[in-house]
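Just so it is clear, A, B, C and D label the chains in written order, and each chain counts residues from 1 on its own.
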Amino acid sequence: MSNDIKPNSGTSPENGKEFEKSGEVQKSTTGQSFQDSSSDNETGQEKKTPDWLDDAIPDEKTSDNVAEKSLMQDFHEDVEESADDPSDREVEEKDLPEPVKGEQEEDTIEVQAGPLVGVEGVLPVELDPFFIHEPVRRSIKLQVTKAQETQALLLDQMIKGEIESQPEVTQSKAVSNNILRIGIAIFLLVSILLPLSTRLPVTITPPVSRDSVSANQLIESISDGATVLLTVDYEPGLSAEMDAALASVVDRMMMKDFYLVLVSTVPTGPVQAERLLVLLNQRGGYQYESSKNYTNLGYMPGGPIGLLNFAEAPRQVMPYDLDGNAVWYSPPLQTISSISDFHLVVVATENPDRARSWVEQVQPKLGNTPIIMVVSRQAEPLVRPYYGSEPSQIQGLVSGFGGGAFYLSSNAQAGSSSMYWSSINLALIAGGLLMLIGAVMYTGKSLITRKPE
Amino acid sequence: MRQLKTSIVVAIAVITGIIVLVGYFIELPVLKNLRIMLLHFAVILIAVTLIVGVVNLVQVHWKKIQNRQSGGVYSLILLISLLVTIIVVGYFGPTSTPSLWIFSNIQIPIASSLIAVLTVVLIYTGIRLLKRGFNFFSLLFMVTVLIVILGTVSFQGFRIPGLRELSTWITQVPAVGGARGILLGVALGTIATGMRVLMGSDRPYGR
Amino acid sequence: MSVFDLNNLDLLGAILSFGLTLIILSFIFGDNLLFRFAIHVFVGVTAGYVAVMTWYNVLLPEIVVPLIGGSQAERFYSLLVLVLSSFLFMKAFPRLSGWGNPVVAYLVGVGTATVIGGAVLGTLFPQVLASINLFDIPGLFEKSSPVWMQISNAVVILVGTISVLIFFHFGARSNHGSHPERAAWISAVAWMGQIFISITFGVLFAGVYIASMTAFAERMTFSANFILLLFRP
Amino acid sequence: MNYLDYLYIVDRGIQGLGFVLIFFFVMIISAIIVRRRDKPFIREIPTYSKLKQSISLAVESGQRLHLSLGSGGINSMQGGSALAGLSLLKRLYRMTYLSDRPPVATSGEGTIGILSRDSIRSVYEEVGVMEEYEPTTGQVSGLTPEPYIAGTLLVILDQHVSTNILMGNYNSGIALLADAGERRGCLTVAGSDNITAQAVGYVFTEDLLVGEELFASGAYIQPSTMHVASLHTQDFFRWGIVAVILVAGALKLAGVM
């Protein structure tokens, strides 16, 4: 039994022997161990070197070099779908040195009879026939392999599990944690509603950020009535922040009577975009109408593939708008044959991966067309490296609610960006304060309780 | 036979991959058109995988209802809301008033409220971070968090001199350095993972 | 504006929106039946949207329309796509699952190549160039802030980028069967890299916190306004 | 416009192709070298050790594991992280197919969902206990990131999970999953290719895979020549990049370029 368990202990490289044995013994046992390196087609991550490469690589199998076999096994196993195919098992067995064969029979019997049938990789014992062949290096201090450490810890945890009266402890803990959560929520609620109820102007207009100014100038520099690709790539969860940030930018573009071409790589994006335009029509008194002032191309699936495809052949990829009209032949879009024909591209997203996809797949095809990113604060740090760098991959960056607010104050527009400014500021500081208290408390605690080395 | 099947499947992945990759770098007209076609097909098929996902979702919840498993009622609710949405949005159109109504009054409130819950969770764990494991890095992490938060807010009469500048500097200098390092690392990891697929070493597409 | 000024649909929407907000927020107090109800509705509605958007944007224009009224070539293409799609659908049924593999392989091949190309031309090259150009002296003089400050910032960014890159270094040596370890000097640089990672993560976490607080504030103010609306004459 | 920019614009495609080809050859050479070695010389990543440890513990104590594969699609590298999770899934099932509480796998994308079901099913086929197979153990719990988080939240709360393995693409909502795990008093091990999710995961668990580490999962979960070779190739180019940045940066500072 110890040996069918064994493979799991071969997880650390220094356990060359266990590592090797893992591959060998598993073939003969019913289940597989965690470290099992047998075929894994369905799950994808198959440990196969390509067959052609396998042939190209000189075979240097040496019977005494144990761990080497373990790696080589990955090669051979993969070439033959070993675990699933009985004939392959025979082949494997032929290769096995005598002691292992002996072990295998034992293993099989143990596994089928034992209580841990199929449950492998638990509590291994260092009993490996390969140890007999090679001299073991001895040192003065006790040599404990990673596997042994792991298993010792395992045993320890299991014993603890037995003796400790866990439920009560965790229950009382859970209750106190819940109280803390509720306390935080109430504290935030009060700090948010306070400025709303008192109507006190607790905040000051934030200073204008350089980023927002340059984004503003960029839009200003584009002639009125230009055709702009506007991507609404955020999900409903953060629409409070993103709507605020994007509204301030789109508001500016509507003032300049830009023709907006809406597209999205998020299924709910087209609805989000439509909703935003309805909001801005109400708030800004615009009369933006579908196909007259803007066209909604809708949802573009495929993530990076879709983006690359759209960047190379927008007309073929999105031939119709959401109403089924062949929009590319209507006056505003007649002149647009490639993505670089747009006068400006605005991408609004809360997800750094999506932002990166746009920069990686679309930006290189844009030529001289500038791109403005309107991102959530949570994505900003990962988008910033692409902005203001030389060569600059993003020409404008409006970041989150704050960015929106800065943007507004920079072009003197009153918009939704400044709506909850006071509440949010107070709540932010309240939450920050709580974290600060926690930090100070636990720092002090750990400094006091820390034993001098 | 199975080996042959596998080889064919691998060949499909490798060949299409190589065509698209080479076309990515070299602008040969023939290659470009072929690549655009391959990409376009892929986009359509990915859209189909979305439908497959919906089918999978329905299968799972239908089984729950059939087997009278606990939570079967919720599965029923899920299927009903799915069906109603398909009918309403499908009939009136995705950007019609009824669709906008569903989006604004069901999806946005639920999604934003979940994020609101997330806020509480973040503060809760933020408070306990240094309790969990106090070390130099977690302390540095927490200090950075607090500086950025305090540097963001703007109050009348509340202004720690230099804090906003410090916060901006952290965001635009060391954080950019760190982020750039991570991005370059991730790019390397991505290329290596991709190369394994194109070499037929990793096969994430079934037997 | 009072509650009576709203039309029925708006009122119903506001009530629904308010109710769902409270239900989800109740999760702060703990798991409950209504929360589960709302979550299932959310998952269902979004799945419905996904299905319809896919139909409107892809299946209808790319498969159905060409099949019905397209030219010979268009019909051929959409038929081909239809066949491939049906293979993909087989993946949903265990017995036929194997038929879907070639199509999945095709998607994986195309997807992989796309992201490799993007990573090389979109991130690797430009970001390496950006790191080099940090020290473009003529460029530094064009900017407003003093040159010494720009150079010191450039050095910090450079040290950050390089140390974080080295932090991820995987290669290690093991002496006499001990755990494989990296060279001492690499570990030292990696330690510095960890400092930059902690700072970057800190900024990111703060960003997530600020973004989510916006949602919290928006939901709270909406709820407060709705309650006020109810009590307004 | 300096020389580098000129190169960058004019020959970008050729440079890119050249880079990919060199990457390819370095990978093959590394594979040959790795194959000659007696063991993989790669540093230890504690999270992977902890992962194996927690799995062993859960299996031994007969508790349920939850493997969340995220909402990344198979068609992008976001799926790469899900694939790391998938490779784990089959092993989990090989260890636990007879357990009263087999692991449950959730995913947020159609193909990954199906692949996870394929994997689970194949294990039951392998060992001939199809009657034990529950199709709902591999499920799509939501089709876009937010509903996926919501749906998975309920799975964690319902299934009496002892260990949460979050390995895939997430957004900041990963915090809700980790929190749900904590409410149920279970251990969470997290790895995501989304860096925002990593930053959020940082406050929840020390057992976190950072940046590039998740892409190395193959070499740690199931060591094989190509996986280890690709890590050495990454290292090779890592140092190449460092050298290029330092040398070219110095030349720029000196005004040579």
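Before moving on, here are some points about what is shown:
Convention: a residue touches a chain if its C-beta (ideal position, glycine included) is under 8 Å from a C-beta of that chain, and two chains touch if they have at least 3 such contacts.
Computed from a prediction, not measured in an experiment: that's the story for all the values here.
Top-ranked chain pair, ordered by C-beta pairs in contact, is B-C. The most centrally placed chain, judged by C-alpha centroids, is A. Our note on geometry: chain B versus chain C, Cα centroid distance of 4 Å, whole angstroms. Computed from the mean C-alpha positions, the centre of chain C lies at a distance of 16 Å from the centre of chain D. The geometric centre of chain B is 14 Å away from that of chain D, both derived from CA atoms. A separation of 7 Å divides the Cα centre of chain A from that of chain C. Each of residues 25, 28, 30, 36, 39-40, 42-43, 46-47, 49-50, 53-54, 56-58, 91-92, 97, 100, 104, 107-108, 110-112, 114-117, 119-121, 123-124, 126-131, 133-134, 136, 158, 161-162, 164-165, 168, 174, 179-180, 197, 200-213, 215-216, 218-220 in chain C touches at least two other chains. Across the assembly, chain D contributes 5, 8, 12-13, 16, 20, 39-42, 44, 73-77, 79, 83, 86, 111, 114-115, 117-118, 122, 141-144, 146, 150, 154, 172-173, 175, 183, 193, 195-196, 200, 202-203, 210-212, 216, 218, 226-227, 231, 234, 238, 241 as residues in contact with two or more other chains. Residue positions 21, 24-25, 39, 42-43, 46-47, 49-57, 59, 71, 93-94, 103-104, 107-108, 110-112, 114-115, 117-124, 126, 129, 141-143, 145, 149, 152, 171, 175-176, 179-186, 188, 190-191, 194-195, 199, 201-207 of chain B are each in touch with at least two other chains. Interface of chain B with chain A (complex): residues 2-3, 6, 32, 36, 39-40, 42-43, 46-47, 50, 93-95, 99-100, 103-104, 107-108, 111-112, 114-115, 119-124, 126-131, 134, 139, 142-143, 145-146, 149-150, 152-156, 158, 164, 171-172, 175-176, 179-180, 182-183, 199-207.
Residues of chain D that touch chain B in their complex: 13-14, 16-17, 20, 23-24, 27, 73-75, 77, 79-80, 83, 86, 109-111, 113-115, 117-118, 122, 135-136, 139-143, 146, 149-150, 154, 158, 172-173, 175-176, 178-179, 193, 195, 200, 202-204, 206, 210-212, 214-216, 218, 226-227, 230-231, 233-234, 237-238, 241. Taken together, the chain C residues at the contact with chain A in this complex read 25, 28-30, 46, 49-50, 53-54, 56-58, 60-61, 110-111, 114-115, 117-119, 121-123, 126-127, 129-130, 133-134, 136, 139, 174, 176-180, 200, 203-204, 206-221, 224. By the touch rule above, chain C contacts chain B in their complex via residues 9, 12-14, 16-18, 20-21, 23-25, 27-28, 36-59, 62-63, 80-81, 84-85, 88-89, 91-92, 97-98, 100-117, 119-121, 123-124, 127-128, 130-131, 153, 156-165, 167-168, 193-203, 205-213, 215-216, 218-220. Remark: chain D residues 5, 8, 12, 28, 31-32, 34-42, 44, 49, 52-53, 55-57, 59-61, 73, 75-76, 78, 83-84, 86-92, 94-99, 115, 118-119, 122, 126-127, 143-146, 169, 171-173, 182-183, 185, 193-196, 217-218, 221-228 touch chain A in the complex.
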